[in-house]
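Consider the two complexes below, in which subunit A is the common component and subunit B and subunit C are the respective partners.
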Partner chain A sequence: MRFALAGNPNCGKTTLFNSLTGATGHVGNWPGVTVDKREGVYKKLEEKVSIIDLPGIYSLSPYTPEEVISRNFILDEKPDCIINVVDATNLERNLYLTTQLLEIDAPIIIALNMMDEVKKSGRKIDSKTLEKELNVKVVEISALKNQGLNELMKAAYLEAKRERTGYSVLENSRIGKVIDETKEDLKHKGISSPLFHAVKLIENDEIEIKAHPEISIGVEELKNKEPKDEFNGDYEAIVADLRYKYISSKFSSVVVKSEKEETLTKSDKIDKVMTHRIWSIPLFLVIMFVVFHLVFSEDLLFLNSIFGLEITSEGWINFLTGMGAEVDELTGEVAALAGIPSPGVFLQNWMGFATGSLIDLFRSFMPEGTWYTGLICDGLLTGLDSIFSFLPQILLLFLFISILEDSGYMARVAFIMDRAFRKFGLSGKAFIPLLMGFGCSVPAMMAAKTLEDEKERDMTIRLTPFFSCGAKAPIWAMLAVAIAGSFLGDIFVFSIYILGIVVAIIAAIIMKAFNKNYEAPPFIMELPSYHAPQFKNLMAHLWEKLKHFVIKASTIITAAIILIWFLSNFGWAFWNGMVDDIEASILASIGKALKYFFYPLGWAQGVDGWKFSVASVTGLIAKEDVVATMAQLGLCDDAGESIAFLMTNSRIYAFAAYNLFTFPCFAAIATAKSESSKKAFPITLLFWFFGSYVISLVVFLVGLLFEASIILGILIILVIIGLIVLGLYLLKRRNTKALKAKNA
Partner chain B sequence: MPITIAPLNTILTIVKLFVDEKTKRHLENLGVLVNSEIMVISKNDGNIIVKVKDGRLALNKDVALKIFVR
Partner chain C sequence: MEKYLKDFNIGESGKIISINAEGKIKRRLFDMGVTPGALVTLKKVAPLGDPIEVSLRGYDLSLRKDEAKCVLVEVIK
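For the complex of A and B:
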């Protein structure tokens, strides 16, 4: 048996799905987190039941591509029972979809979700009346608190065994006659759920008219016979209006509002601040900075830089902070530590300490100088260690992003960003997939499905890698240690993320400039209520991330590390055995060829330049491999210390920029190919290839200037910005002219 | 009047939607349709947050300008 979960976006379908099947599907507090159907098994009934979680829909006439998935599944795959998840806190709007689902000839049951919220707000819902009016079973549940789920499933199981013929709440309305006649026509043709299709035909639903062109002509004739009214024959509006009228006439008494209820909820009051005209964007930046500060700073609250706080004691404080006593190798003195480390750095220190000790222990049991010791210790363990030591930091970063997501704030970010993004040809809605890009580009590109416009989808997919994904974070964490003045680590990492966003905006402007008649689609988005992040959800997010990471590390990353080990330990004549000098290895010769390509970017210069070139290329396999390769080639220990001696800040920054903007990993490239339009994909590849090169070059040159003279650096930057602005202004003028000409 | 200049926290009635067909359909599905009630909760430079039924919708300036209320 198969049960499908259908309902409005953000009504808790995935939470219900997770509770029923024990899955850990991604739950977020904004509409459109689920963009593809997902299947799980419920085992507590007599027989096993497949549960299918569908993307949220407001109506069975789809607006975005992911809504088509839901409609097709419900109509074509014919689940044994449709579980219509209804958000009880917004009953009327949710029942709009219900009135459409009822028209289908299929068993259906209503799960009245979020009843705990309703009770908390002091409202009452009379579910018995609801049940009687709609003539389907209604079960009160709370998916989050696991209440009423067994009852729901038992009831659904009973319903699934019964036949059900659809009925429409519009049957007794003034268009009842038209519906009836159309239904008979469709029935005659042997089409299943004739009532549903009849109503959709009358609504002028695009998909429906394409499917039954001959009947739609008859429908038009029927409609023309009807008397004209205030809607002027706009049947889609008439149907929507009738549905809503039916709902409010029948169910306004079902919801009893509490007396103390105010017009403005707590959520609205928070929004007055969070979406403030002036403060919203600075607030967003501050929140993001605090997150990065807590994860990457070596000087918590800047206690050291501002108040001169230093931890010098060698004793328990050092032990506790995990910083260890850093003994200066030359003088033998204990170096002062720069303030208290942030939780992220603290965890990283400990993790590095733990994995490092483990490897040392392991190494002590291995015979020295054999090839397999080299492979296991210098190759595999060193490579994996470099990634794993950053794992706690990455998880912490995720925890914070999940908190922002789950609280409902991210949906507001989309709204406040819309104003900025719109000028650049993207709507704020595109910001949501992009924000997901901070996690992983693959689901982010899939989330671009929620965008209704093809051009916007292509642009969003193209920009997704610029939103630094979790796998790239170890690169920044490592470089943060290497950047001169290491207490600036958090500022460095923050600046990388901001650079990503800024370049994405500039790239969007440029893309828009080349698309003459393009305007971003309107921004219409439901804002969920704020709620305290759910511990269960947060842990599920972290668990998913950890699982993904471990699987990736044990498969594709391990394979890449072994490959790099082989290439760096053998010469072209590999049958002669290992080479003593890495410079004679296969990898070195490849790297030295690559080096010339990257030479202008700064970081490929010098004796070790080829190693950086190779490292950035191995990032194609998985972005974690950049760090793993660097560790294997001896460019850094897990704390990234030695890199500082090899590179200047401008080179480090240019290297970071290149890795941020270049091709994402193969998995993401494949996703981009399948999610974007055929025409756009080759351009996307070129865009990544040249974009990263140019930006890295600019960063390097500007960095050099700054190192030579700060004033000159600022001047040149201003000139560059000026030129960009001028160029865009000219393009924009051309576009407005074109638009005007088109409209006139 | 366009909803962008409507007073805050007041119950308004939608008179007309001057948007394209696709957007109109989407708005209607969300409960923004002629003769239904709507309330502006906050304004952010023309972009608005409205209360429709028991839900909150964020609309950008271009759309908001085309929703007429009384």
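For the complex of A and C:
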């Protein structure tokens, strides 16, 4: 048996899904978290029931992919029962979808969710009246507190065994006759759920007109016979209006408001600060900086820089920071720490310590210099080490982003930023997937599906990798060590993130300028109430990410690392055994060929140049591999904490820029392919390929000028900005002319 | 007094008279409950002057001035 969960975005559907199935799907507090339908199993009934979590929708209109997915699933796959999840704190708008679902010939039951919050606010909801009026079973639940779930499932199970014919709240309205006649026509043709299709045909629904062209002609004739009213024959408007009129007339008495209800809700009070006219944008920047500081800073709150703490890593401090003492070989003194480590760095140190000890342990048991010791210690374990030592930072970053998402703040960010984004041809909504890109490009690109406009979707997917993902963080952390002036480390990392954003903005403006007649899509979005993030949901999210990451790590990444180990330890005549010098390996010759391609970018120059070329290529398999490969090639230690190469800051920056803007990992490329339109994907690939090369080149050249003279560097940056502005101005003028010509 | 939702001042309320939009935008507004007869209050304007936040049918909706200029409202004093 299969039950489908359908309801508005943010109605608590995914929480219910998790409570029922014990699944670890992620719940966010912004519209559109469930992009694809997910399936789980409920086991507490006589038979096992599959639960399908459909994407959140406001309507069954044909305009958004979620609506089409949900609609097709319900109509074609015919679940045994539809569980319509309704947010009881927001009854009026939620019931609008219900009135559409009721028209389908399928068993349906209403789960009146968030009843705990309704009771807390002192309101009362008369669910019996609701049940009688809609003529379907209504069960009060709280998905969050696990209340009423068994009753809900038992009732759904009973309903599933019954036949149900669709019913429309519009049947007794002024368009009832037209609906009835159209329904009969469809019924004669043997079409199931004729009522639903009839109403959609009357609404001029694109999908229905395509499916039943001959009936739609008849519908037009019927409509023309009807008297004209204030809607001037616009049946889409008439139907929506009648649904809402029905809901407000029948159910205004269902909700009894409490007397002590305040005019300002808790969300309103929080929003006084969070979406404040002046403070909201600085506040957002501060929040983002704090997140990055807590994850990446080696000097928490800059305490050391400010107070000069001179902490040395000895005794209990060594234990607390997990740093491990760095002893100066010449003087025998213990080196001072950069400061008190942030939670991210602290956890990373401990993880690095644990995996490092494990490798040492293995090495002590195995014979030295054999190929299998190499395979296990230098290939397999080193690979695992490079994955696990960065896991804490990646998870911590995920955690902070999920907290922002679950609390409802992300939707506010879209609200605050929309105006700025529209200038670049994107809506504030695109900001949500892009911001998720800081966690991982794969779910971020999937979330881009919530964007209604195809062009906007393609553009967002193209820009997502520029928002440096968690897997790229190890590269920045390692390069931060290499940057001259170690206190610049977290400023370097921060600046890489900013560079990504700035380039994304410029790229978006350029893409918009090249797209004639392009206008930003509409931005009509619910702002959900704030709520405290649920610990259970946060952990579920983290667990899912961890699982995804470790599975990916243990398969692709380890395989790639063993391959690299093989390529770097064996020559072309691999049957002769391991080569002593990595310079004689297969990988060296590949890298040496690639080096010439990357030569103009600066970082591929010099003796170690080919190693950087190899690392940037292995990064395709997974971005973590860049550091893992560099460790393999002896450029840094396994955790990227100490480095064994010397490069000028301009080359380090150019290398960082190349890795930031080039192809994302294979997983993300595959996601981009499946989520973007067919014609856009090849352009996306070319865009990543040439874009990264050009940007890395520019960064290197500008860096060189800066190193020669700061004034020269600033001058050249101004010239570049000037050229971009001039180019965009010319394009805009051309587009305005084209638009004018078109309108004339 | 009738005016477009775009020209509302913060705190002003009214009853929606008509929606003068087409296609996708019109349908989206309808689906979100922006229909004739609905009561609407302007709650907030975003820091950069656009979009706006209104409350209607018991929830908060954000929309751009471009969309709000299609919504004609009878102001309630």
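By definition in this document, the second predicted complex is superposed on the first by the 732 of 744 C-alpha atoms of A that agree within 3 Å, B and C clash if a C-alpha of one lies under 4 Å from a C-alpha of the other, contacts with A are read in each partner's own complex, and residues count from 1 in each chain.
Heads up, the rule we're going with is that contacts are C-beta pairs under 8 Å (C-beta built on N, C-alpha and C of every residue); 3 or more make two chains touch, one makes a residue touch a chain.
Since the model is a prediction, treat every value here as computed from it, not as a measurement.
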For the combined arrangement obtained by superposing on subunit A, do subunit B and subunit C clash, or do they fit? clash
Looking at the overlay, does A:Ala420 come into contact with subunit B only (first), subunit C only (second), both, or neither? second
Examine A:Asp241 and indicate which partner it touches, taking first as subunit B and second as subunit C; both and neither are also allowed. both
In the superposed arrangement, does A:Thr684 touch subunit B (first), subunit C (second), both or neither? neither
State whether A:Met525 touches subunit B only (first), subunit C only (second), both chains, or neither. both
Once chain A of both complexes is superposed, is A:Ile281 in touch with subunit B (first), subunit C (second), both, or neither? second
Just checking: does A:Leu264 make contact with subunit B only, subunit C only, both, or neither of them? Give me first, second, both or neither. first
Dual-contact residues of subunit A (subunit B, subunit C) 58-59, 61, 63, 89-93, 96, 230, 236-237, 240-241, 244, 267-268, 271, 275-277, 280, 414-416, 418-419, 422, 428, 452, 522-527, 529
Taking the complex as given, what residues does subunit C use to touch subunit A? 18-19, 24-33, 35-38, 43-51, 53, 57-64, 66-67
Touch list for subunit B against partner subunit A, complex: 9, 19, 22-31, 33-36, 39, 41-45, 47, 49, 51-63
Which bits of subunit A are touching subunit C when the two form their complex? 58-59, 61, 63, 89-93, 96, 230, 236-237, 240-241, 244-245, 248, 267-268, 271, 275-278, 280-281, 414-416, 418-420, 422, 428, 452, 522-527, 529
Residue numbers on subunit A that touch subunit B, as the complex places them: 58-59, 61, 63, 89-93, 96, 230-231, 236-237, 240-241, 244, 263-264, 267-268, 271-272, 275-277, 280, 411, 414-416, 418-419, 422, 427-428, 452, 521-529
